[in-house]
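The structures considered in this document are given below.
Both complexes shown next keep subunit A, but they swap its partner, so subunit B is in the first and subunit C is in the second.
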Partner chain A sequence: MKKRWKDLGYVAVLVLIVVPFIFPFFWMLLSSFKEQAQIIATPPRLIFTPTLAHYKEVFQQYAFGHFIFNSLITSVGATFFSLLLGLPAAYAIARYRRNALALTILVARIVPGITFLIPWFILFSRLHLVDTYTSIILSHMLVGMPFIIWIMVPFFEALPKELEEASMVDGTTRQGAFFRILLPLTGPGVLTSSILSFVFSWNNFMFAVVLTGARTRTLPIAIFNFLSYSEINWGGLMAAAVIITIPILVVALIAQKYIVQGLTAGAVKG
Partner chain B sequence: MPYPKVGFRRIDWFPYGLLAPALVVVTGLMLYPLLNTVWLSFYKYSLLDILSQEKTWIWFGNYLAIFKDPFFWQVLGNTALFTAACVIVTMLAGFAVAMLLNVKFPGRAVLGVAVLLPWVIPRVAASIVWKWIFNDQYGILNYFLVLLGFDQFKEFSWLTTQMRAFTSILIVVVWQSFPFVAFSLLAGFQSISSEIYEAAEVDGASWWQKLTGITLPLLKNLLLILFILETVWDFKIFDQVYVMTEGGPAQSTYIMGIYAWMEAFGNMMMGKASAIAVIMFAILALVTWLYIRVLSREEEVA
Partner chain C sequence: MNGWVEKHLRHIFTLPAVLFILVMMVFPIIYTLRLSLTDWSMSSQTAPLWVGIKNYAALFTQDPRFVGAVWRTIYFTVMAVAVETVLGVGIALVLNRDFPGKNLIKTIFLLPMVATPVAIGMVWLLIYEPTIGFANYFLRVLHLRPLLWIASPQQALPALALVDVWQWTPMITLITLAGLTSLPKDPYEASLVDGASPWQRMWRITLPLLRPTIVAAVTLRSIDALKTFDIIYTMTQGGPGYASETLNIYSFVLGFQYFQMGMASSLLMIFFALVLGAAIMLNWARRPVQV
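Then we have the complex of A and B:
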């Protein structure tokens, strides 16, 4: 009997805590389906006839389809190239202890973004690379690649060296051993770091605001611009916020375990 | 493996081959820009100079001008205070939620997901949603506060004075950053063997004694690392402030990140902005140095 009260107490605390965390999502979703009259109604309406007008507006008037495409290209591209370069590097650091690079990677996570952004902007302007996928993907790799290496080094370290040696005795080359034996075994690590790299890139604002233009503008910049020219169109803004948030929420719900793993790897593992 | 019969020690190129591509990108995208920013900080380099491709070497002119400017000290002070407030509230909230997540009870999984969500959503989206919640006339927050009997919040504008704007931004920043602390601490809690607690319970230790006698001392290093990481991240915050106030009203919510950004891409004073970026970097390098020292000491102990 006492245990039940205790459980009930926890559930009560849970509700008290969860509601403020979740409420902004709930309110965003609700507001995005309201007509302007309902949005500014006092008291706020919980029951109303939902409208898709704001979503139509966001896609037709503000071309969000194009920005979704840009965001996808950028995030997938940055994650792909980060993996391509980061996985071998992580393996080398784990196996051959090249600690200098590990330190560099720590620095990359700590230096303020503006320190990179000024030279990038000048350099990319000279090379006419501002507003191209190249510059935005390169800039996002600076966030993604160090993170991938950071997470993957302990995964490679955990694999016994005998594994590669055995496969090499069997006639596989070192490259073959890396791709066919080691990578599949570190699958969860690859998944964790790719998901986080994707999330970082999808959410990045500061680099994209300077390095993208009309052609390559990503979702965070599109929604920010939307805010600056129509501050009062809260329904439209909430629809845009839903659009940028939904893919990330879906990823978070499906891959919750991996995200938490990657997130704690940053601190607990050092 | 057969070694070639040469007089020299064979150099194993394989690890370098694996590292090279990453190293090229790190050098080109990170080390070069870092050095370049330091170098630019010694120049007078404005938008006009970019167009004419000319810049003037002025030694420490940018730094002197910045240090003489009372506005810089005001921004630095605001940033330090704001960072401290964010870190303290984030750590406390994270600690409390981690303790809650560590207890087995029905619905814990739901809480796990709920806690993760604020961390993953784009900062721009979070800032805009909160801006709507904080809206003076139609915002749901003021509506609730008035409903609870706080009549002074009728049409209360959350973003129009320095103190209020900083408070609002703090709420958004903490909302998005406590999950990291909570999950890291939860992993830390779970690394402590339950036998230690059971032994303490046998000895009649109270909840508070277990916390201060076992949990906190065992997690000291982790707490310190989280403290430093949060300090670094909160110090260089940009997105939330830029979206919610753009440093306003009247530059009162300028923090270092915004200050450097506005000089660079608002006023196009690249030299001065570089100097501010270098100052930020120097401050953060100091904190990072602490971080590495703590880590290396932890490894020595282990």
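Then we have the complex of A and C:
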């Protein structure tokens, strides 16, 4: 009997811990289905007739389809090119001890982003590359590529050298062994780092606010622009917030285990 | 051809990444350093004017906005990271046992960290709204005085730190949980023989053994908290007045609203030194201790 009470107490503590972390998401979702009058009503209403009007508004009035497209191009592009540059580099660091390269990866994390943004903005303005996918993808790669290298080096280090050597005896070149044998074996690492690189790019605000314009504006900037109207359209704002958050939440739910490993990499033991 | 590639593989594999780093990282850092010694408003007619260390001197002696931003940055970071560490480690110790649904809780903890910061900022804007927001409704239910939150110069920075705590406490918790699973068993067995209480075990064994993990988590968090941008910029833009203007916000305003590229660059160099200093100091505290 005493144990039952103890278990119940533990469950209560768990609920108390978890609820504050979910509540803002719940509130965002709830408010996105409310009419403006219900949002500004006090005390807040929990029971109301839901409306989809704000979602319609966001797509028709604010052209969110276009911003979703821009965000997808940017995030997929930045992740793809980060992998293209980062995976071979990570392999070289692991096998040939290119430590100077590894050091610069840490620098990318410590230097404030605006230090890069000022020269980029000057350079891209001269080259007429502001408001193009090129400049925004290049800027997002600065976050994605170092991260991919950071995650992948230990994965390649963990693979025995005999793997390449055995396949090279069979007549495969080292680069052939890298693509056909090593990459498939490090699949979980590639998956983790790609997912997180995609998330960083999808969420990025600071680089995009300077480097995008009417043509390439991404979702975070489009949402922020809601605030420039004199009266805040809370319902529309929350619907937009739901739209940008949902893909991230879905990815997080599916790849939970990998993301925890990726985000906490290097802190334990390292 | 294949043989040539194979012979020079170490260079071929690193060259693209090295080129990218040179063009997108090393060159910009040097360029900003140079720009920090000039006066330039990004005009194409006039070239940057060499002024030496005048910008640095001006920031420290003639710019109360800069000095204020330094203190606000430190205040925000210490406040946010301290709360996150105590809460994060505490929650990890509570969660550190097997129970059904543990993975679900870990997944929930992931959400604040990966959700888009701008979207989070917008939701907290609605929650903090003084008249219609949930925060004040909650205070009224508890018969407490409603607050102005980010609309008040005194409360803005703590309110923003609270959002940071919401976002990043889970990171400390997840890192600590990972650290807890890798602790050695022997000290615990020995302590059982000696008849130590659970409380003693936590303070004398668990926490000292966890110290390197916790310090690593605090280091990562401090570096990022010093550089917090999205939440502050989207929620208050540094306001009301300059009440929540941290170094990152002020450098952005100097560079991209006033186009004072020289002054902004000097500020960024000082800011970089501050972040680097914090990282080195915390790394020094990381040495493990004997139990």
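Heads up, the rule we're going with is that the second predicted complex is superposed on the first by the 262 of 270 C-alpha atoms of A that agree within 3 Å, B and C clash if a C-alpha of one lies under 4 Å from a C-alpha of the other, contacts with A are read in each partner's own complex, and residues count from 1 in each chain.
Please note the rule applied: contacts are C-beta pairs under 8 Å (C-beta built on N, C-alpha and C of every residue); 3 or more make two chains touch, one makes a residue touch a chain.
As the structure is a computational prediction, the values presented were derived from the model and not from experiment.
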Query = Does the subunit A-based superposition show subunit B and subunit C clashing or fitting?
reply = clash
Query = Looking at the overlay, does A:Thr173 come into contact with subunit B only (first), subunit C only (second), both, or neither?
reply = second
Request  = For A:Ile122, select first, second, both or neither according to whether it touches subunit B, subunit C, the two together, or no partner.
outcome  = both
Inquiry  = Taking the stated contact definition, name every residue in subunit A that is touched by subunit B in one complex and by subunit C in the other, in rising order.
reply    = 10, 13-14, 17-18, 21-22, 24-25, 27-28, 31, 39-40, 42-44, 84-86, 88-89, 91-93, 95-96, 98, 101, 104, 107-108, 110-122, 138-139, 141-142, 145, 149, 174, 199, 202-203, 205-206, 210, 219-220, 223-224, 227, 234, 237-238, 240-241, 244-245, 248-249, 251-253, 256, 259-260, 263-264, 266-268, 270
Key: Contact set on subunit A toward subunit C in their complex   = 10, 13-14, 17-18, 20-22, 24-25, 27-28, 31, 39-44, 84-86, 88-89, 91-93, 95-96, 98, 101, 104, 107-122, 138-139, 141-142, 145, 149, 173-175, 199, 202-203, 205-206, 210, 219-220, 223-224, 226-227, 234, 237-238, 240-242, 244-245, 248-249, 251-253, 256, 259-260, 263-264, 266-270
Request  = Show which residues of subunit C lie in contact with subunit A when the two form their complex.
outcome  = 2-3, 5-6, 9-10, 12-14, 16-18, 20-21, 24-29, 31-32, 35, 42, 91, 94-95, 99, 103, 105-120, 122-124, 126-127, 131-132, 134, 137, 166, 170-171, 174-175, 178-179, 182, 213, 216-217, 220, 223, 227, 229-230, 233-234, 247-248, 251-252, 255-256, 261, 264-265, 268-269, 271-272, 275-276, 279
Ask   = Can you list the residues on subunit B that touch subunit A in the complex?
value = 14-16, 18-19, 21-23, 25-26, 29-34, 36-37, 40, 50, 97, 100, 103, 105-107, 110-126, 128-133, 135, 137-138, 140, 143, 175, 179-180, 183-184, 186-188, 191, 222, 225-226, 229, 232, 235-236, 238-239, 242-243, 256-257, 260-261, 264-265, 270, 273-274, 276-278, 280-281, 284-285, 287-288, 292, 295, 298
Message = Which stretch or stretches of subunit A touch subunit B in the complex?
response = 6-7, 10-11, 13-14, 17-18, 21-22, 24-25, 27-28, 31, 39-40, 42-44, 84-86, 88-89, 91-93, 95-96, 98, 101, 103-108, 110-123, 125, 138-139, 141-142, 145-146, 149, 174, 199, 202-203, 205-206, 210, 219-220, 223-224, 227, 234, 237-238, 240-241, 244-245, 248-249, 251-253, 256, 259-260, 263-264, 266-268, 270
